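Below: a set of structures, written as structure tokens.
Look at the two complexes coming up: chain A is in both, with chain B in one and chain C in the other.
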Partner chain A sequence: MVIQSLSPSEIYFIQQGVENNLRNDGRTRLDYRPFELDIGEISHAVGSSRIILADTHILVGIKADISAPDPLTPNKGSLTFSVDCCPSASPEYEGKGADYINIELAKQLERVMKDSNSMDLGGLCIMPGKYCWNLYIDAIVLDSGGNLFDALSIGVRAALANTRLPTIRITQGEYSTVDFEVSDDPEAMQSLDIDGVPINVTLTTIGNQFVVDCSGEEEQCMDARMTIGVNKRGNICGIQKGGVAGIDAHTINQMILAAKQVGSEILKTMDNVLKDHHIATK
Partner chain B sequence: MKIDFRVTNPIATSIPLDYKIYKQQQEQQKQNEQQQTISVPVTTTSEPIKKRTNRSEEQFRQIFMKTGVVSQASGSAYIEIENTKVICSVHGPRASPKTELFESAKFSCELKFASFARPGERIDYMESAKEKDLSINLRQSIIGAIRLEKYPKTVIDVYVMVLNDDGGVLVAAITAASMALADAGVEMYDMVSACSSICIRNQSISNGSNGSGSGNGSSGAAPKVQSSILLDPTLQEEESKDSLGCVVVAKMPSLNEITQIIQTGELSYNNTIDGIDLCIDGCDKIYSIMKQNLISSLEKQVSKKLE
Partner chain C sequence: MTEKTTMTTQYLSEININIYTPSKRLGLMHHRSNCNINAGTSMQDVDVYSNKSNAKEEEMYDDENDPKTQFARNLVTPGTTISKEGEYLKGHGTFHHQGSLIASVSGVVDKVDKLVSVRAFHSRYQGEIGDIIVGRITQVAAKRWKVDCNARQDYILMLTAINLPGGIQRRRTSSDELQMRNFFVENDLIYAEVQAINGDGSVALHTRNQRYGKLMNGVLVSVPPALIKRSKQHAHTLDCGVDIILGVNGYIWIADSAQQQAQTQLIQRHEKDSYDQPLFVPPQVKQVSRESRQKIARVRNAIHILHTHYMLIHTRSIMEIYNMTLNMPLTDMLTPNKARQIITAVHTNIQERMGFKDDNEENDTDMISQFNHDTEMND
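On to the complex of A and B.
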């Protein structure tokens, strides 16, 4: 249950602001808040990131292990997502309420990142049909200030870009056994191709208009929300609607188009930053 | 108790019960032993889609609906979309077991697969993440249509049981649930109907004859892929390697409002919009079938009472 902390007149104020294209933090409807990304802070994880988007504070860590691939996709690795909203972040993440939100967030991440097949998982294969890398992507929501869906996906994308896996050489042992040889050269680490990995852009309808990247207060005035996955190729990688109210078909078209524009801009700036970081650490 | 819903890889020793895959694996293993090589030849186990023979690309499968199938429930419905079979019952509005006060009714949905509903491994009784996700989506599709403020201090529970899954489970579940709610006499703004479509990579790229032109190729920087959009996909079509992406739309047709929209897979903007448009048309058609069915079942009830 959302704890109602806004009064009806405050809600009215926000609604009127959105109608006039001026939100209560000075942004227009399609403006994104600036966000901060820290990459590779967790030493025990193969890849990690921390994103601070206004009050939203998310930590993503990736762990990897080796197991047999799914028989249906013998030459692909796998991704497993989990999201944990800390009860300390908001009282609505206490007890059973968190379960519901955690699953919704993790499933949306899985839908956008994994089910869209936009990420090349072939690079995670060590030996087709026998061994592959499993990446366990765990996100912790430390503080919530709205727009968790987008922040999570940006965090996960940055963590994937940061992921370095040791290169493994396979040699034929005796009696058709297989020997692994893990390279101990820290330079010879394998990184992932994240070019096709999408991010979420969540559009929220408030009154007759829709806004991008809404704050915690604006989320309380929400009628409906559409979370749209967008990748660098300009393709749509997963849509999920939330909220109670309906949206008409024409608005949905507009929202998808807006998400495409906003998403490609974020991806562009994000990739520039990631590239700079990559060069700087080398 | 906190349950871990993360999907873990199956244990290496478990064998999928799908005979085709099993046999392929066995043959592969034999080959490997003979060849004594390290690299395993990769074979794809999911088959390419056969062209639809019995129906066109924008045609539904046969649909059968019936209301009032569960005597103990306040309302119920059974739906068959060819081999997809779903039964739904609605309990309530009934008094809340808790004594707390709330202004509008509490609405909860639960979707469950029968253990034998899908090919392959047996489905566990414990609620999986997939079922939970489907339940959340089902609830979100329908909750906007119900006049919850009319039923203070009550709860409405919807239980959906999937008996057999042959594609379009969510579509069948949403349709069944709104039929059952109507059968229970719960006040609604409109009934919700749902429809799904799938975007498929075309086989006939080489000769350039794109016979089916419902959805045209992708645009922009995307790799040029000829694709077509099919309505109401089966499980085989959904899980095929040729499937690019899937769209499910739930809609209140008389209010012309979309209550739920889910897209999976990577689709170009044009394909997405085409898929959504096709689903919206499909929703209207399903809605008319739902209406007819409800009227005829009501007529039957009235005539029974008059006798």
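On to the complex of A and C.
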């Protein structure tokens, strides 16, 4: 859905609605929109997901390959993020404009998922210092209806939960070479521990209040936004501020509390669903 | 990875995640399969119109009152054979292939004499003279505004086609031209009518009526234009105290009735007394109470449900859902499962009412139009 700019009176209407704790679609300030996840749709990816959050439509695919780990972290695998916003999603993604947004979104994901060390990457290590799994996480934003940061992180988390890597055994070959033995048993797949993987909760200030899960229209009334990464253990895994207005310290504290609350609810629901899904497919 | 099952979970009314699988989404409504095509005939060979004998065709037209039959007969998907080549003239959305006329888009078949065209479900709006639309100003140009109307190109609103404040009739001078932003600025929403379609395909709008003009303090919803039928009236005041304007172009404006009335009065007074001053709407006039906002949100969500289930949008269908969901929290209307239940209930209500057709025929013909995706002019 292409969202155009709003007229001043529409912006006023949305601001007043936020003030009244009743947004245009009937949600209160801390209500999240329902969303749908499709899991394992891309058969050639090791893990994939598709998230549909109202009009926001994101496809995430994970590709794995084996490479040498970073010398600084010889026992860990690595994650590489890339985000691509389709020009058909919104006119602002056309031409050069998309580059900035793509980099911003990918960088944010990298900070919150990888740099926060909240996810256990030790499981991706095959042979310390020599070989590890490198996961390329590619997301495509097919349609944009607001709240890209959150939707992307939820999509990535679901794709990671869906990821199955072949089990590899290393045997000592002749001299100093090693041989890989890839298990041909389709059942013997290795899944990732996603317990620590965070999701983003973006809180947007509109007027004097802040809201979660902005629609595209509401994003246009945005003064400032805070994207807060939270994981299941209740840790804050990253905070990024956007927008032009300032936020005072007191509001930031409130925002972090709200993000923890909303984030843990989403994670709880999501994990239950993913668990059920996992059991049902076994 | 082929893990494919279907599951649904709900977290109170707040967080709702559905896990879907690809196969699930194929379960689209296939009215066509159970009524029109006789058993045994394959899709390829069915010729919706001409292969059948005239008698058969007559019979089909007699069935017109049955909305399902009518719907099925008109509905085509790309590749559906409409007729043999030469029997009909090829219109939009059709092409000739191996001696037959074939639909190139999915939509409803529209036949005018010998001309057959297919009107796509998802198409942009195409203006016709007299259409009442809601649009958004995109550009202020020389002597004109460019207006986005959900159409292929921006429509044009000439400076000469608007009402001057106070309703004075005079030539537009160059000073008017310099003050065009006093009337409409970029991104303003306007309520207008299609005045003319020019030879080069551009479309001109006008707002020369008291009720047309700028729209303020409400919500805009965008739906496919095919969901809104052309009718005599497009601006309605619903029983619940909500004003809606169903623009033929698929833009719908929702606002609070009482607030809009106060605002109109203010504007009228302003135009009479001090039209040379810029208009200022004080906050107390702009104020919309929480109760009114709830009603607006409910109407918005009702339209959203109709939109997602591709049902015709008019006051009756909106109010049907509105009344049905009165006891439901507003956020529940956003969840796909609840929306599906609501739509099922609406269908049941329609069918029940159609059972008593003789009692109140007039109401029913209205409801039938919900099924009928034909957006032909009523009058």
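The working rule: the second predicted complex is superposed on the first by the 278 of 282 C-alpha atoms of A that agree within 3 Å, B and C clash if a C-alpha of one lies under 4 Å from a C-alpha of the other, contacts with A are read in each partner's own complex, and residues count from 1 in each chain.
In the analysis below, a residue touches a chain if its C-beta (ideal position, glycine included) is under 8 Å from a C-beta of that chain, and two chains touch if they have at least 3 such contacts.
For clarity, every value in this text was computed on a predicted model and none was experimentally measured.
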Simultaneous placement of chain C and chain B on chain A, clash or fit: fit
First (chain B), second (chain C), both or neither touched by A:249: first
Which superposed partner A:12 touches (first chain B, second chain C, both, neither): second
From chain A, separation angle of chain B and chain C (C-alpha centres, steps of 10 degrees): 120
Which superposed partner A:176 touches (first chain B, second chain C, both, neither): first
Touched partner set for A:27, first chain B, second chain C, both or neither: second
First (chain B), second (chain C), both or neither touched by A:227: neither
Touched partner set for A:144, first chain B, second chain C, both or neither: neither
Partner chain(s) touched by A:39 [first = chain B, second = chain C, both, neither]: second
First (chain B), second (chain C), both or neither touched by A:153: neither
Minimum distance between Cα atoms of chain B and chain C in the superposition (Å): 14
Residues of chain A that lie at the interface with chain B and also at the interface with chain C: none
Contact footprint of chain B on chain A as seen in their complex: 67-68, 70-72, 74-75, 78, 80-82, 99-100, 103-104, 106-107, 111, 115-118, 127-130, 134, 170, 172, 176, 178, 196, 198, 226, 231, 233-249, 252-253, 256-257, 260
Contact footprint of chain A on chain C as seen in their complex: 1-5, 7, 9, 11, 13-22, 136, 138, 148, 186-189, 215-220, 222, 286-288, 290, 293-294, 296-298, 300-301, 304, 329-331, 333-336
Touching residues on chain B, where the partner in the complex is chain A: 2-3, 5-10, 12, 16, 21, 25, 28, 33, 36, 38-40, 42-43, 45-46, 129, 132-133, 136, 140, 143-144, 218, 220-223, 245, 247, 251-252, 255-269, 272-273, 276-277, 280
Chain C contact footprint on chain A (complex, rising order): 1, 4-10, 12-13, 16-17, 20, 22-28, 31-41, 43, 45-48, 54, 162, 164, 265-266, 268-270, 272-274, 276-278, 280-281
